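Letters A, B and C name the chains as they come in the text, with residue numbers starting at 1 for each one.
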């Protein structure tokens, strides 16, 4: 666990980057620091591995004040991933990944073997090991950056806008990859981003910071979406909070009915469309095992009759869910009532 | 071309203290000495200034002064001040003029390293010296080598002119030839110095291929 | 060590404008002409050549290599070689110095044109500039700071290198060095160095001023 206790960073010219920040980063989960530029999120992150030292207050790693640890020693036990990856251009990929093991005095063979293991873990071909960074794409470089941070198996990982320099498609796949890795590794991850969608997608906990370095709200993403603490958080979260919140509810519990005869399927049982007078009409599908309630609702909205088609991982029809079935589940997950005039209730889209 | 044949064809030019081999060795000796001293001063100083960012003004002043100061004037003044006849004073202007190219390029090389890279290096737990020697220096190496190359060529050139104030070396053929209107000697000497300068240039390009990481060379 | 003050002002006063060919003012005049002619010639040649290299990239590699080789040759070597062609004339100094100027200016022109941001070039094309007009009105002005930086280096180097020409009797103020050496007399040497450095500083300052006037938009950026 990482604890911030009344941490303040004031620069010599008087600007306050972080103002009396107190929070706890739980072990084994992803905590996202999010906020507009100037909110001190990167400064807060960099104070953990002492790239910047706090002016006052205390940051502790499992109870030990980071100030009591010599910075290089501290940093070797904390993985660090930055935007553009910051790979060393003069070293091959494998040696880039093995940087911290080398620093820790591992022998070359062991360090390289570990590096190869990590390249595989982050989904990179072993053939890339002997290339130089300039020969890799941005997305590949970023994966190397993650592998490098994980090399010495540090319990803590700091990620400073690691995916903001790549295009949206690559970014989405890197995010999925990080979630997959995290489900295996269970690291304590602090992730900084200015992208609220990324924060909501990745964070087990999201800390929203406001300009001037003060904590506006810290909560799980679903709570954040339904119950923003104030206008600033609400504005920062943007529109469609109600719909976006559905991403955190599994579609598993959606009541499925048998497929009606007007759903046309091919020989393998994959859907082809709804039969109408003019031929086949569009349809929407969701996989109850992996998708969210948001995907189920979306599938219902894509079909002319408002019925979503549930499929298995092979894409074969398992059943259908009408809007009533989805509605029942929506009602079950309605936001809790918290006193009169709750901001969340006022604005929740129907 | 007759002059060249006269010069290189004359057997007297190939032996004795005034022969080509002796003069070449002298030239190499003085140049190497001045270059080494300059490098020993300028590389660490440039690295220190580039790494800490302190003393950048010194670099700017050195760069401009080196360009504006007339070589011949400096040589003549220093040798007159120190007394004619000894070698050591002549080496002083050679060293002074060899320092700025190394200093400027080493400094620029280190300053030019991507801030992200510096950040990543510290972030992974490298100590100050490790950052300097394992990350900044290899990445800045192409520019450091450029500085060393420009400096080496500068030394060869200044050593040639220094023949005027009594230094040995290949410049003797040019200066003595001019004094006695023996143009075959002037041209022959010039060709020899040109060959030496090109050899130095070529040698450094080879060195670049050997010591600079392909990962750095390609991204330039 | 000679028992002699570094500067004897009475000598300067007597020789400043004595009317003889070795008068300081005459040497200064000579120096200015011999130093600036190569830079001017260099600029006239480098502009079209640099443009050609920027237009046809395959030209640049061999041109740059040639310039690199030229630049690595000591000035005295080139003076000596041209001595056999042009004799003891001003051209023997001016031609090699022109090559040195070219070696600095051609890359400066190419780099300058390369420094034009692609969006700027693209939007000029999109707005309907024809190539010649685009070059004149958009690309060259944006390239000016880089070209002028090269011009400053070429000018200052040229001013200082002329003095080596004194060894073949064409050195402008450099002749003062020979004079001082032969007579074991400090004053002409000190005067020569001082005037050359002064001239270099003055020319450099004028070019900086020219850049400010030519590119008022870049002032804020270079100050930052």
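Convention: a residue touches a chain if its C-beta (ideal position, glycine included) is under 8 Å from a C-beta of that chain, and two chains touch if they have at least 3 such contacts.
Please read all numbers here as calculations on a predicted model, not as lab measurements.
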Chain whose mean Cα position lies farthest from chain B: A
Best-connected chain pair, where connection means C-beta pairs in contact: B-C
Closest chain to global C-alpha mean, per-chain Cα centroids: B
Intercentroid distance (Cα basis), chain B paired with chain A, Å: 55
Where chain A and chain C are represented by their mean Cα positions, the distance between them in whole Å: 59
Inter-centroid spacing, chain C versus chain B (mean Cα positions, whole Å): 21
Residue numbers on chain B that touch chain C, as the complex places them: 3, 64, 67-74, 76-77, 80-83, 153, 156-157, 160-161, 164-165, 171, 174-175, 178, 183, 186-187, 189-191, 193-194, 197-198, 200-201
Parts of chain A lying in touch with chain B, wherever the complex brings them together: 49, 51, 71-77, 80, 82-92, 99-100, 103, 132-135, 148-149, 158
Chain A-touching residues of chain B, taken from the complex the two chains share: 114, 116-117, 119-127, 130, 135, 138-139, 141, 213-216, 218-219
Touching residues on chain C, where the partner in the complex is chain B: 1-2, 68-69, 72-78, 80-81, 83-84, 153, 156-157, 159-161, 163-164, 166-168, 171, 173-174, 176-177, 180-181, 184, 186, 189-190, 192-193, 196-197, 200-201, 204
